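Letters A, B, C, D, E and F mark the chains in the order given here, with residues in each chain numbered from 1 onward.
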Amino acid sequence: MDVRTFACDMERLAPPDLAEDFDAGKIGLIVEGAPEFTTVCCALDPTPAVVNEAIRLNAGMLVVHHTPLWTPLTAVTGSTATLMRSILSARMNVWVMHTNFDYAEEGVNDALAELLSLTDTIPLSLGLVGTCMLAPSEISRRLGCPLRCWGDLSSVKRLAVVGGSGFDPGLIAEAKALGADAFLSAEMKHSVARSSPLPCIEATHYALEAPGMVRLAARRGWHYIDDKPLLSTVP
Amino acid sequence: MDVRTFACDMERLAPPDLAEDFDAGKIGLIVEGAPEFTTVCCALDPTPAVVNEAIRLNAGMLVVHHTPLWTPLTAVTGSTATLMRSILSARMNVWVMHTNFDYAEEGVNDALAELLSLTDTIPLSLGLVGTCMLAPSEISRRLGCPLRCWGDLSSVKRLAVVGGSGFDPGLIAEAKALGADAFLSAEMKHSVARSSPLPCIEATHYALEAPGMVRLAARRGWHYIDDKPLLSTVP
Amino acid sequence: MDVRTFACDMERLAPPDLAEDFDAGKIGLIVEGAPEFTTVCCALDPTPAVVNEAIRLNAGMLVVHHTPLWTPLTAVTGSTATLMRSILSARMNVWVMHTNFDYAEEGVNDALAELLSLTDTIPLSLGLVGTCMLAPSEISRRLGCPLRCWGDLSSVKRLAVVGGSGFDPGLIAEAKALGADAFLSAEMKHSVARSSPLPCIEATHYALEAPGMVRLAARRGWHYIDDKPLLSTVP
Amino acid sequence: MDVRTFACDMERLAPPDLAEDFDAGKIGLIVEGAPEFTTVCCALDPTPAVVNEAIRLNAGMLVVHHTPLWTPLTAVTGSTATLMRSILSARMNVWVMHTNFDYAEEGVNDALAELLSLTDTIPLSLGLVGTCMLAPSEISRRLGCPLRCWGDLSSVKRLAVVGGSGFDPGLIAEAKALGADAFLSAEMKHSVARSSPLPCIEATHYALEAPGMVRLAARRGWHYIDDKPLLSTVP
Amino acid sequence: MDVRTFACDMERLAPPDLAEDFDAGKIGLIVEGAPEFTTVCCALDPTPAVVNEAIRLNAGMLVVHHTPLWTPLTAVTGSTATLMRSILSARMNVWVMHTNFDYAEEGVNDALAELLSLTDTIPLSLGLVGTCMLAPSEISRRLGCPLRCWGDLSSVKRLAVVGGSGFDPGLIAEAKALGADAFLSAEMKHSVARSSPLPCIEATHYALEAPGMVRLAARRGWHYIDDKPLLSTVP
Amino acid sequence: MDVRTFACDMERLAPPDLAEDFDAGKIGLIVEGAPEFTTVCCALDPTPAVVNEAIRLNAGMLVVHHTPLWTPLTAVTGSTATLMRSILSARMNVWVMHTNFDYAEEGVNDALAELLSLTDTIPLSLGLVGTCMLAPSEISRRLGCPLRCWGDLSSVKRLAVVGGSGFDPGLIAEAKALGADAFLSAEMKHSVARSSPLPCIEATHYALEAPGMVRLAARRGWHYIDDKPLLSTVP
């Protein structure tokens, strides 16, 4: 497949116009490799382990959610030099779909809702609210990560889910107004927890966003490379 | 005691000059009540529960770490109106010591080091590094909160501790350069965890900062009002 | 009456969309008291005298032109603490209509035109121009304040009137282009007077804006609380 | 005299370093005429009347307090074209001393204190406080302008005086802290009058600043050209 | 002719709306002279030589491409004082048409295309591309200036031309995409030349923009005053 | 040699503190390759030709004046991807010394002065002024580029020289004040030429800055890779 055709396909799937302003210049073709390729790999983050595995698999294209070049660069040194040397030497392309894939139909949040078997879903400005029949332990099992539960979660029927770092006071208020009993996202802050009108379930950023990439890979016949952060709880 | 004398005492303890720029106008006497008082209460946050308990205890002064008026106000409505009505009607003063107390000798980070029995401590630009003989389960017990452990914590001798939201890449790099084997703070972000050169222990913001206020209250003979966030982990 | 119903009524009268950008967050319900009330008072400014009188009259709602919280607050101390304690303890609501009422039909400028018996009025971008048959001494009497007259006012037929601080060079030029012979407003600056193409009559801010609030109170059956600044001229 | 020598003399009198930042580029030699001249005129503002009279008197230099070019120009049209044509065609120089003369020893505020026979003066950050034995009517007579008196002026001993537009809340608070009973300046605003801790006497900008220029002209043997704004009070 | 009628005519020719934002306040009537005039002169720049010659010819209006007041003025001294004195004393008007004339039909770039006998032209976002049959030596002769040629110009058929300082990477890329073989403009920078995908011909700013003013003058029967910079090449 | 030792040496030669603010993050080690190397090459710009030649020569370090990463990058595509792939794959380091080398003793401007045999030199804020006995044709020959001469250069004794893009009005004025008769630099703009108080000699950016790099390479025993822009004049 050639890069241009692939790009058109990806932009239909996750239109660049859907992205937040802060993603300007940080989505789409972020590293340009060979113009033709046969193998596509997919991952959440382009970590060294992911990149090395993709190269081992002869991937000509690596599709990721988080860009390897978030902070604008005027020097290529240290771990960035190592990573860029691996990618460029292998002539592997890197394609990024970030907030445009969060907002896309069949994107990050839809995959999350499917994984948690949500029904009767209604959209939020980001994420969605649906009926959830799962106990927290089952949510933890399906997501593959431990949870931190803020507040009293004894009677949750309608659950708001937002992939990534979604504990925003405005978004929580919107979810409550639309009937949510609890709010699932990642990266809780003390001040937000203190004033939250809903109990909150905190998973990891990885656990909430990976399902979208896993499902995309499965549907396209790509190889998904898992690289979950090592995380445990005490006690 | 009169407010003016109390203010001088507090400013010796946690000099306003130590505060970060973003605390300008947000520390010191934040709500002015009666000019004379006898009872002082202390807490981490001026939540409704804390304020009501302080009033019940006839406190004329409430000393807190987090201001009740973070976002500059042009209207006093909703929960802010309720809170301000309680405080003002009771003529209770509210005194805030925030980043000036984080940086102060005998402040938030020193109390945390004591609670965790750190030895041979050396200072960071914020927080400190010390030898820690405690297992994570004991750290959790002393802090009174569950922990999330990022990475491999099997051989930690020197532990960096930073009260509050301290998982900053620059600070972690500094800790590593000074010999830390692990980094304890709160409010981890995915991108920071991904690139952290040290394994990290994530407690709660409350658990890390409350000890400084508890110790202050004990030393001064004030009443500390505990209001820990309700938090549990699954599984 | 409940606050929500009252708010709808007030927003019909002085739509928030009419307000200048600098009024963002500074109009509407500025202090929230009891959700139900029976007595409404009205004034130009929420001075301590006005607030105390409103409380004495058991007002549940005080409607004013100038907000008590112009500068965004991160601390409530001094005279602000005293004022807010009075208002909040009494559970009195405060509603502000500022530039939205200046621009509103039947608002500040229309009331001023009526008080001065202007005829054949045409609108300015703020304020209006009309035929005025009154001598300056009669204008002074009706406004209830002494006047300062800049330039030669011997042959004024068409008078521009702008409530508040309206001596803006662009507005004066617009008034002249629309046929005004003189310009009535408050808070003249030397540089504006120097280059003004029209003679100007300077009243007080209070005298020009109070009539709008007085008329509003009269029409609604509210009690208007007068608190005119003490002002005299020498000689 | 040549312009360069004159400039040195003026910069000793009113050092440019004393000026406020907003005067950058707006003081000193503002219009350059002939390099040599014999006659100097002086005025507060370079109005058309002042400029024409200075030209009639064959002035080669006109010293003023307010610049003719406050707003930066990218076009010379209308009244500015007329004024600049007069000045440039006559090869008259224009020298401006503004806030540097306000702050200078023997400058605007010192001249004002002398005119009002103030004794035991102490400096403010701008202006000064002194003992004043004059009744308001005598102050009005000496200044040559009507006064507006805000608040109760029955027992004033120590008077703060600030030439120009000096009714600043911070300056008034400073004056009160230094013992002032009243505050004399120009261009009062409603919000400042409302919250002023001192009664205020409002003269005109011209009346307060002209004495400094008049005295300067007298000491140097220059001709002062008076051009007082036409102002009267009603009633 | 009166200035108002002339202005309408000029604004039809080069509508102000076409100008770049940085020309705000810097085009149209920039110096106002006598309201009626008979003689019009035209030039590229209002240099002292141009202004003096226009005055010698009794011009009441001088039409130029570059404003004499680019940097906003708060003082009129040095060469600006001399120039403004000449213009204002002579009561000569100055009219500026800058980027609005670059973009106008029959403007700077159209005149340039005509001078170089370009055919089959297509527009760029600024300037145009056309078939050019002239050797560089003939281009130099027609423009009346020496050329610097960057890169290999041996086989140019389609030439992009942009009056003024037009060596912009985006514009060059656009020209190449539209089939240009070379790019003619002025004021080349090293970094642009280094990465240019087209060979470039560098003339002078004057040589490229003067033809538009010359042609305008010829069509209107005005006198064009030439004032070419003195330029030679070595070797 | 190891990179760290080399960096210390280079920072002594051209201290980073000398650089302009706009060079922040754009000087020093800009691409990190192998930590040890034996061969150093040097050039003005890291063009593709330069980079390929350096790799052919097995250079482990390439020292250049202009960074390959001027615009901060969030994507590595097109010619940047090609260049970075070459550099990174070869594990070649790239070291940049820009304005810090312009200002350094024995830097760009000193080398230029030596090449032109200037005597009795005095420093400018950037560049210098010296006595020049060379005719323009000899200057052209030594610099290896054609010159454009603006104005009358018939009697130049004292010549100001500024490497790079140095035709700044303030710098030209400074040179004139220090006795210069002419000013040599690159990248002249029309507006600067128009108002220049000195005749100007315009060389190329490359010709003026390369001598500093050539001399540095010669002194250190590095290989200088020449890549002069292709430039000719007509006629």
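Just so it is clear, contacts are C-beta pairs under 8 Å (C-beta built on N, C-alpha and C of every residue); 3 or more make two chains touch, one makes a residue touch a chain.
Worth saying up front: this structure is predicted, and the values here are computed from it rather than measured.
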So which chains count as neighbours of both subunit B and subunit D? C
For the copies subunit D and subunit E, the interface residues, called same if over half of the numbers are used by both and different if under half, are same
Going by average Cα coordinates, which chain is farthest removed from subunit B? E
With centres defined as the mean C-alpha position, give me the subunit A-subunit C separation in Å. 54
Quick one: report the Å distance separating subunit E from subunit F, using the average Cα coordinate of each chain. 32
Approximate Å spacing (C-alpha centroids) for the pair subunit A, subunit F: 46
What's the distance between the Cα centroids of subunit B and subunit E, rounded to whole Å? 65
At which residue positions does subunit C touch at least two other chains? 70
Can I get the ring sequence of chains, opening with subunit E and turning toward subunit F? E, F, A, B, C, D
Under the stated contact criterion, what part of subunit E meets subunit F in this complex? 45, 47, 66, 70, 79, 136-137, 139-140, 146-152, 165, 186-191, 193-195, 204-206, 229-235
Give the list of subunit C residues in touch with subunit B in this complex. 25-26, 28-33, 67, 69-70, 72-78, 81, 84-85, 88-89, 91
